[in-house]
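Labels run A, B and C following the written order; every chain starts at residue 1.
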Amino acid sequence: MQSMKKHAKIMFCYFRLNLASAMEYRASFFTQAFGMALSNSSFIFFWWIAFRQLGGTIAGYSFYDILFIWSVTSSAFGLSHVLFENVNNLSQLIITGELDTFLLQPCNILVNMLCARTSLSAYGDLAYGFVLMALSHGADASAWGWFLTGTLIGGFLITAISLTAHTLTFYLGNASVLGQMTTEFVINFSIYPDKIYGTALRVLMYTLIPAGFIVHVPLRLAREFSLGTLALLLGAAAVYGVLSGLLFYRGLRKYESGNVIITRL
Amino acid sequence: MNAITTNALYKSYRARVKDEGLRASFRSLVKPVYREVEAVRDINLTVDCGEVMAFIGPNGAGKSTTIKMLCGILHPSGGEISVLGLSPVRDRQKLAMRIGCVFGQKSQLWLHLPALDSFTLLAAIYGIPENEKKRRVSELAELFGLSEFLRTPVRKLSLGQRIRCEVAASLLHEPEILFLDEPTIGLDVVVKQAIRELILRRNRENGTTVFLTSHDPGDIEQLCRRAVVIDRGTVVLDSPVERLKTDYLGKKVVNVTFRTPQASMELAGVSFESAGGGLKARLTVDTSICPIGGVIEKLSATGEVLDITVNNPPMEEIITTIFRREAAT
Amino acid sequence: MKTIRKYAVIIRVSLSNAVAYRAGVLSGLCFYTVFIYVFICLWRAIYSEGSVRGYSYEQIVWYLIMTELVSFATQYSVYHDMNNDVKSGAIAYLIGRPVHYVFYQLANALGQIVWNLVCFGALAAVLGFSFVGPLPGFRLAALPPLLLSMALGIFINFFFLMMLGLSSFIMEDNFALFLIYQKLVFMLGLFLPVEFLPDTIQKIAKLLPFSYVTWAPAKLFVDFSWPLFWSVVPVQIIWLAATATLTMLCYRGGVKKLQVNGG
């Protein structure tokens, strides 16, 4: 319990320091936030046109459903990158040996490493989701509840997915490109109705790259609550989180044995 | 209880060997070829609490590997290791609370923020309460002379100021052992001296054990009482620094370029090697017999000196000499 | 003649440079494949509910393949390079070189563009054939006018990017402008055919240059007809002339500012 308190304090301290450090770049923050809002809005524009021409639903999703999954994706992505941005740096840390700095400190290595960086533009993503929700779903309390659920679980899952991808650096060498591609997949799985994809990809998005649990399951729960589905959502997130953590610790043992070095003749 | 005890410490790791090119990459993926690298072979070391010890060796000798094992970030392949009575592998986090590290390229300070903010984070990580942290920071600031730039972003500090903050940061949680890896590299003489004095003072006043690796003879000479020389994974020499000084560090190498060829110079304690037809000379001076000032005077008196440099014998040379000598005995 | 030979050399150098830099193209090919695949899934879902006036499903897929091809083939680095040149002050002596700065950038980009077209074009053909089969109604005779339209679209895009790059003479941070341009091209032809837009927006779009970068060549590709050709290509030519002229004016203005202020 005391350890949890200590780690909570450490996380909060990182949060404060990250924000202060990122303020150095606040000039470009506004351009980045603007750019991101513009990008996202052009997709929303597309969907507005599509629904206007076709009406009804596309792959079972209405225009409001699309707005919901966009909001959750944006905020979940934002949350993950505000709190745990350093996961995207993990491959570099492993290769350069900078991971050692974190290992030398009396703190849980995952907490210490993940929280050490933030992305200023991610604050924009986080805010955008809330703004979009407000504009599209007004005061619909149920929708907001599932939006927040999706954001929290989504932020957690996005971090876990990136962690898994970058953990492969322990085993295969520089996996930072894989990490980037995985993020692409997660985004593409999350911003379109899940049924547009074939069976193989749908299996993928509910197992290895569980983007389905970030937006689509919360949407189903928002439409029609079911205790079973909720249990599935929480269970899947927990299981995936634990597995990704275990994979990381296993890789870390390899790192600590010094067997992660690949030399060239 | 000893600060550090190791017994037959051994570290080998498998390095995957891979050729250049795409085809080799595929081949390596399917059928990897490994090479066994023995970084540390048989290190038996006992360090008492309060000792100031230098850990010297050429590059690739196994210094970093040993230190990493002592800190718990690398797991030994064999042998026993005990730091402050704890096993670095099993009790890494517990040990981390009681040791401090200053490692070359790895900084604990945040570049864009003042060092004070980094201290706040470290206080949270090491579980130091707010009041206690304030007290220690002001104490360290006074001791290390940090007060005037504690609130300046670290990236704006000079290297000397940054290193001072770095060392101070490593002492915030009042560790019992301080591991330093090349702490004075790149610093000018004045700052080097200041850092050495600060570390010595810490050792004297708080009994902090100091474990230092350095290529700088000045560091070893002025800071440490004991030197352990390691080469190719084993301890080659473990002796008081005094002996090192008299045997090896008491020498200076003088390189001279003359205007006209000069014959040999007769001076006690000086060996004269001529080259380039007498135009260049390399003098090895035993400064305990003949002070360097006398040599320079004698050379200047010839009136033929075009260029002169005075150097310590390089650490590599000292080590090689030591190794050869010890292997011979 | 000597001038043309000079530029020919620049193009050749940039082409061999592009061919050598494999990593960049490879990751681009991966992203292109992902995009096309996602679009195909999306439009398949859309087409099960309705359709776009005048486009069959196969045509829509090939349409998107073509717009993305033009987009990926085009060099966005000209914007970044120019920005850096101006910001760093290097532009001061780059202007003094015995090659006209604007044409140098054009020649330099051409090498990369040609190589991109070859690589992404091959990939585009493979993806199109694998996913939806051959484009119905496509005739080889339509290829030359199509290539002309593509080239015009690419050059219009190029001159816009040049102008954006040159805007760093007067603006500290022109990234927002760049994004706005990108999104306008995206919304007015890249991601969906102009015919899909509501009528009023459609009319406005056809008066603006942005649709003529991707929509014009893509439409010609999937539904070639000489009347269509004569209705879009002259407009492309007009916009090309306009953007080229504007770019030269911006350039002259920038140079003058440089000579007055000294960088």
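Quick note on the criterion: a residue touches a chain if its C-beta (ideal position, glycine included) is under 8 Å from a C-beta of that chain, and two chains touch if they have at least 3 such contacts.
In this text the structure is predicted, and so the values were computed from the model without any measurement.
**Student:** Looking only at C-beta pair counts, which chain-chain interface has the most contacts?
**Tutor:** A-B
**Student:** Name the chain with the Cα centroid closest to the overall protein Cα centroid.
**Tutor:** A
**Student:** From the centre of chain A, which other chain's Cα mean sits the farthest off?
**Tutor:** In terms of C-alpha centroids, the chain at the greatest distance from chain A is B.
**Student:** Taking the mean of the C-alpha atoms as each chain's centre, how many Å separate chain A from chain B?
**Tutor:** 43
**Student:** From the mean C-alpha coordinate of chain B to that of chain C, what's the distance rounded to whole Å?
**Tutor:** 57
**Student:** Report, in whole Å, the distance between the mean C-alpha point of chain A and the mean C-alpha point of chain C.
**Tutor:** It comes to 32 Å between the two C-alpha centres.
**Student:** Looking at the complex, which residues from chain C come into contact with chain A?
**Tutor:** Per the stated touch rule, the residues are 27, 30-31, 34, 38, 41-42, 44-46, 48-50, 52, 173, 175-176, 179-180, 183, 186-187, 191-192, 196-198.
**Student:** Considering the complex alone, what residue numbers of chain A touch chain C?
**Tutor:** Contacts found on chain A: 27-28, 31, 34-35, 38-39, 42, 45-46, 49-50, 52-59, 177, 181, 184-185, 188, 192-193, 195-198.
**Student:** Chain B touches which residues of chain A in the complex?
**Tutor:** 6, 9-10, 13-14, 17, 20-21, 24, 97-98, 100-101, 103-107, 112, 253, 256-259, 261-265
**Student:** Along chain B, where are the residues that touch chain A in the complex?
**Tutor:** Contacts found on chain B: 11, 13-20, 35, 39, 65, 68, 71-75, 77, 92-94, 96-97, 101, 103, 106-108, 110, 112-113, 117, 120-121, 124-127.
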